[in-house]
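Just below is one structure, and these are the notes that go with it.
Naming follows writing order (A, B, C and D), and every chain is counted from residue 1.
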Amino acid sequence: MKARIHVYLKPGVLDPQGAAVAGALKNLGFDEVENARQGKLIELDLSGDDADAAKTRVEDMCKKLLANPVIENFTVEMD
Amino acid sequence: MKARIHVYLKPGVLDPQGAAVAGALKNLGFDEVENARQGKLIELDLSGDDADAAKTRVEDMCKKLLANPVIENFTVEMD
Amino acid sequence: MTQYADDITPEIAASHLPEDEYAKTVEILGRPPNIVELGIFSVMWSEHCSYKSSRVHLKNFPVTGDKVIQGPGENAGVIDIGDGQACIFKMESHNHPSYIEPYQGAATGVGGILRDVFTMGARPIALMNALRFGAPEHAKTRQLVSGVVAGIGGYGNCVGVPTVGGETNFHAGYNGNILVNAMAVGIADTDKIFYARGAEPGQPIVYVGSKTGRDGIHGATMASAEFDDESDEKRPTVQVGDPFVEKKLIEACLELMDTDAIAAVQDMGAAGLTSSSVEMAGKGQVGLLMDLDKVPQREESMSAYEMMLSESQERMLFILKPGKEHIAEAIFNKWELDVATIGETTDTGRMVLTHKGDTVCDIPLDPLAEDAPMYERPWARAIPESAVFADELAQPKDYAETILTMMVSPDLSSKAWIWRQYDRHVMADTAASSEDPADAAIVRVHGTNKAIAITTDCTPRYCENHPIEGGKQAVAEAWRNLTAVGADPIAITDCMNFGNPEKENIMGQFAECVEGMSEACRVLNFPVVSGNVSLYNETNGFAIPPTPAVGGVGLIPDMSKRMGYGCVKAGDILMVVGDTAGHLGASIYMKVIENREDGCPPPVDLGVEKRNGDFVREQIRSDAIKACHDLSDGGLAAAASEMAMASGTGLNLVHDGDLPLHGWLFGEDQARYLIAVDEAKAKDIRKAAKSASVPLHVIGIAGGEELTINGTIEVSIADLKAVNESFMPTLMGEAE
Amino acid sequence: MKSAVIVFPGSNCDRDAAMAIEKVTGTAPTMVWHQETALPDGTEFVMLPGGFSYGDYLRCGAMAGVSHIIPAVKAHAEDGKPLLGVCNGFQVLIETGLLPGALMRNASLHFVCEKSPLTIENGNTQFTSRYGSTRDVIIPVAHHDGNYFADDETLDRIESEGQVVFRYARNPNGSARDIAGIINEGGNVMGMMPHPERAIDADHGGTDGLAVFESILGSA
């Protein structure tokens, strides 16, 4: 089984990397870029075959480690 | 318009972050984790309304800046 | 056994080895090699591993001295620094990988050179880096600078070894081939030094560190290949470094080295498992039997060929004393690193490898190492250029403007943008680093009152126009920089970066640089204890300027006697040690102001160099000098500007005599130092100079807010600082 | 005072921290490996050192924040005993929730190493009392992720409660309100990005950091 996790910065949290990406893209002439945000993509290979149970566990992993609730939100998709 | 970009390490390229994440999850008792890979998630707000044209431009951004073609692959989804 | 041999087509053979070398393998084996064997021969016989073009010349380096414990031939050089302690150091290039993937290329360069040093039992205490980039305006320069600097910092900072200094040049000659040379310095106890030699038959071979993946296969041969425009596309697999694992590896290896378990040890650098095992066997005169199924693997179904040629990072190979495997296992398990006994040494003198039940390699070791090809490539002497003196060049109209223009030039400008990204203070023993006004970095030997002084130097423009003088000058400048901080220079490491040795003029540059360096090392009693050669630095037939980078190391016996150039106070007397003839050939002044790069560089009189340097060091030790700065790039004007900026006081220089002012200010004559002396001590030092037959010229007095010359030319320190600091941020698009 | 320094894989200022503690107390602290689950008996002061625990992968301090020793460290703090986190140690304190806010990537996106002029905002803490009337000090910083972030409400609160202990005089990383170091409400847990342990010696970085250790440990 595979889980795909997206970790986003919460709205309102300053995102220096996103800001730099937007700036650099504009410098390269991509004027259509209005805003950029950078987050994380984490993919896990998991043993077992109960996708629902696994998803609950993965959400638990996110809360315990993979995302910082002060600044980040996350989503989990199972493959 | 929004574009969502995933940047992955190419298969076979060492992923120190992923390895460390997998180790930490196991230490936390998540024994089902067999492997972890970490990538980047970049979201762009774009002006304009031609999604196809925008996608081509975003792919260009990836090639020029957002992904490092030596070690990374990327995918682009338009919202 | 010959299971693969049938597959070796002439094309495959040719892609690994030149025809004559391939024929030699057939002769050695008495049969055609299989693919694994062919791969092993090809990496062992690559320029990178075998030094086949350079060996005949490198033999000329003086490599012994009363402080030398280990010269070239081991992972790093070892010198005696007294009190039962040794300093272990080496410099190495990671040029090609850094051009292809600047961040990872530079990062893994740092990782590799650190391993060379802790492999020998040293705790690394300092890193240096010598960088050469293309012209500032070249399209790729900014991105390469950005990636290389981030990579060096990313690795060194994380590992927790301070990056204390280095040098950075920009020149169009490096547009297609940047140079990334990294140096590591460590400290060990003299009775706890570990070597690649020492293995005996019947000892376990133990693999530790990261798992093996398909990283950088054929990196060693790539490092010996020229680029063409297509290499941008071809991009081979690059290695990715993991400094976190390296940090754990350092601690775990040092822990193992504290036991008596080790017979021999070698890091896995270029050509990974192949060269590390062959080198230990060769040095111990033993055979090897390894089972590749036991090698920790990151990826599925790796072939024997891939495992033997992989350049995955952060791996080491130990040969342990029999029965000590459990000690290594306990330590490496604690640090969560892979550890596996993958074979043993034998008395067969052969390297035998098994994989999935088959013997996939059976090579006699001696011929593999000893019969490695060695070429005496034809070489041509450089055609000497003529000297250029000031009276042949028009005087600048506006001296103040000229000084500012020089101080904002790529070579003389501040590199703060770079070194601010390096942790220079971790380990809490850095006494002087890039930010401090000192000609060499100074790192205290932990828990003592002595310190190691470190510098890297090379002036490629000199080497280009006169390889012998350029070679001499690189060594002399390193020696002078160490002297200027009050250190006893002890020994050097080097990194010889050149173009394609198959061309007579390039091979000539190499030979003549070695000739000049050797002479300087001999006269200055400054032997070579380790080094590295990087050839084929060419793109589309254009070679880099010859760049024999020198890493010099010295000892400051008493920290309180270390010297810098930032403590000048108003009223101090300024003097120049050494004579000024006004040599402007190949100078920064010619390049920046006259837009010319021709001319013979200033000649290096090694006897004078030694006499002047010994005098300066003696005066530093007897507290006669308050500040000292060597004169090199940009001559007196640059050194005085730097001294004024660092001290925050003006300097008033006065020139009289026949030498045109621009020769006096900008000439790059060697063997000179700018010193500041307390007024009360001026007389004594002049007397001392006289009796030592050392030329000493009073050139002015400190005071005010400007650098002034003859009372008429004035440059404010604030302006100097502003321009000097502006080049790098402007280049990087980060100017405010 | 009996001290302990926690060592995570990737810590690299642990030796520096130990040196500073020993310099002030005359006694070397116990080095406690992250896999331990208890602090040595009688431990009165704990320091989380700088470095790159777990390579700073994922988020700085995140993986160290869930290592085995952390419950014991939290218990130590909950008992009101002093706990100091420097640089990576500060990041760990943030990740464990012992201190509020977050430490983001530096605004320049570059690692920054420099001698950083600071203002002491609160000289009345257990960690700063020995600074006396001194307000301006220079202590080195060396980090990639020291950009302090918290929502306005939190920032207002910690400012009004005197929990901002150090401020940058020349902000090197984009930190909100120039914050360089903060303390918890109880006044026993402090985190700071600058490295006081690298400023305890005139031969190396100056001595402006010494008072942090003297304040908390009492000078020898």
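We adopt the following convention: contacts are C-beta pairs under 8 Å (C-beta built on N, C-alpha and C of every residue); 3 or more make two chains touch, one makes a residue touch a chain.
Just so it is clear, the model here is predicted, and its values are computed rather than measured.
Asker: If you tally the C-beta contacts for A-D and for C-D, which one comes out higher?
Answerer: If we tally the C-beta pairs in contact for A-D and C-D, the bigger total goes to C-D.
Asker: Taking each chain's centre as the mean of its CA atoms, how far is chain A from chain D in angstrom?
Answerer: Spacing between the chain centres: roughly 29 Å.
Asker: Just give me the whole-number Å value for how far the CA centre of chain B lies from that of chain C.
Answerer: Result: the chain centres lie 36 Å from each other.
Asker: From the C-alpha centre of chain A to that of chain B, how far is it in Å?
Answerer: Here the centre of chain B sits 10 Å away from the centre of chain A.
Asker: Residues touching two or more other chains, restricted to chain C: which are they?
Answerer: Touching at least two other chains: 242, 244-245, 336.
Asker: If you look at chain A, which of its residues touch at least two other chains?
Answerer: Within chain A, residues 40, 64-66 contact more than one other chain.
Asker: Residues of chain D that touch two or more other chains: which are they?
Answerer: As it turns out, chain D has residues touching two or more other chains at 54-55, 57-58, 63, 66.
Asker: Considering every pair of chains, which are in touch?
Answerer: Pairwise, the chains that meet the contact rule are A-B, A-D, B-C, B-D, C-D.
Asker: In their complex, what parts of chain D are in touch with chain B?
Answerer: Touch residues, chain D against chain B: 54-55, 57-58, 63, 66-68.
Asker: What residues on chain A touch chain B, complex-wise?
Answerer: That would be residues 6-8, 18, 21-22, 24-25, 28, 30-48, 54, 57, 60-61, 64-66 of chain A.
Asker: With touch defined as at the start, can you tell me which chain D residues reach chain A in the complex?
Answerer: That would be residues 58-59, 62-63, 66, 95, 100-102, 104-107, 109, 147, 149, 151, 174 of chain D.
Asker: Hey, which residues of chain C end up touching chain B in the complex?
Answerer: Those in contact with chain B are residues 100-101, 104, 210, 213-215, 235, 237-242, 244-245, 298-299, 312-313, 336.
Asker: Could you list, by residue number, the parts of chain D that touch chain C in their complex?
Answerer: For chain D paired with chain C, touching residues are 9-10, 12-13, 15-16, 19, 50-52, 54-57, 108, 110-115, 140, 142, 144, 195, 197-198, 200-201, 203-205.
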